[in-house]
Amino acid sequence: MSEKKRHKVFVNGAIGPDFIAESIAKHSSKKNIGAHDIFLGQIRNDIIDGKTVQAIEYSAYEEMAEEKFHDIREKAFAGFNLSCMHIYHSLGRVKAGEISLFVFVSSQHRADAFGACRFIVEEIKAQVPIFGKEIFEDETYSWKINTE
Amino acid sequence: MSEKKRHKVFVNGAIGPDFIAESIAKHSSKKNIGAHDIFLGQIRNDIIDGKTVQAIEYSAYEEMAEEKFHDIREKAFAGFNLSCMHIYHSLGRVKAGEISLFVFVSSQHRADAFGACRFIVEEIKAQVPIFGKEIFEDETYSWKINTE
Amino acid sequence: MGIQIKVFGQLADIIGSDELQLQDIDDTGTLREKLISDFPKLANYPFVVAVGKKIVNGNQKLNADDVVALLPPFAGG
Amino acid sequence: MGIQIKVFGQLADIIGSDELQLQDIDDTGTLREKLISDFPKLANYPFVVAVGKKIVNGNQKLNADDVVALLPPFAGG
């Protein structure tokens, strides 16, 4: 199934709106698609102990992360009726207001697109060894932990 | 609440990827946003009685539709913790592979973004008086009915 | 009483116009009966009546200045 | 038996390196004890051990060629 081919998930720095637009445009040739769901994770300028986050610096155990992303892909295709899916995640520094996660799921019908997109985002947060330093305006930092 | 200001929902013809990219880019200044969920409805080249859909031509009872969109906005802001939301829907002809619905929901946290986006799409399909002619390659047509 | 009716989508195809004027219509029940009598094909098509941009459930009295619309199934999204 | 360990995120801050070599470690239970004895601050930080890119639940025997990693809580997304 050529739609299931893997691409590199990690990208250096923030994910730009133009990159997202290009991804969307590429899908106009897939005319069996009726619904896309796109999740974007954006860096918040949270205030932690009185200091404002200006960026997150992401690192990962890349070999294991790639394996986990692959598992998540397989589970998403097994559990939902999808035309295609793409995941991109930043490594390195991403500033507040910029985008660090881009999940793009396409299906004939919206229920599968919505269900799979949410599943994938939850799996990424829980299963993939990615680490984030929240960097404050004075360049001190604290380590981020996924909670919500 | 300035975030809740209304904009025109209906646009003429397809919604382009560049328009979507611009919308995303505008949100980089809202640094309390952590999660965006974007739904895109794309025209499928369904085959109906042996004929292939090449486009849908949308019309609407516009005055009532605007009122319904407003109600949906109010309900979404009441039911979910949102930073902002935008809905765009095409009128006129949109070709197979092109985008006719763009729902863009932003929140601090992903649960609200996912929940609200899905709520809004379901409400649009069920509540808003929009009508669609599925136009075949020989320019004959049949009227679309939302089912799924 | 004469009322002015907006007609949308497939219903405009069947009726042959996107506007319609009818006389002696007191409520939405009478409207429905009159429409199906004038355009028998309508009996085979589901539609709803909106008055003042709100969909009517059951029967509702009509006034001369009401904005009345006939709506086929929705297809947005 | 000596094993090579990759160290990530906050744990690398605490240990002061992103790689570690330890002797006489037969299983992940012993690894945990040795780590906390060498770096007492680790006792206050939750972490998991991955062997062959899989997270270990409970205790697992280690071989010299195992790829072992110490992982702090995930923060992707």
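Letters A, B, C and D name the chains as they come in the text, with residue numbers starting at 1 for each one.
FYI, contacts are C-beta pairs under 8 Å (C-beta built on N, C-alpha and C of every residue); 3 or more make two chains touch, one makes a residue touch a chain.
The model shown is predicted, which means the values in this text are computed figures rather than measured ones.
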| item | value |
| --- | --- |
| Subunit A to subunit C, fewest steps along touching chains | 2 |
| Chain whose mean Cα position lies farthest from subunit B | D |
| Between subunit B and subunit D, centroid-to-centroid distance (C-alpha), Å | 48 |
| Euclidean distance of C-alpha centroids - subunit A vs subunit D, Å | 27 |
| Distance between chain centroids, defined by C-alpha means - subunit A, subunit B (Å) | 22 |
| Of all residues in subunit A, the ones touching two or more other chains | 41, 110, 121 |
| Multi-chain contact sites of subunit D, meaning residues that touch two or more partners | 77 |
| Pairwise chain contacts under the document criterion | A-B, A-D, B-C |
| Subunit C to subunit B touching residues, read off their complex | 6, 8-10, 13, 50, 53, 69, 71-77 |
| Residues of subunit B that touch subunit A when the two form their complex | 17-18, 20-22, 24-25, 27-45, 96-99, 106, 108-111, 113-114, 117-118, 121, 148 |
| Subunit D-touching residues of subunit A, taken from the complex the two chains share | 41, 56, 58-61, 63-65, 67, 89, 100-101, 121, 124-133, 143-146 |
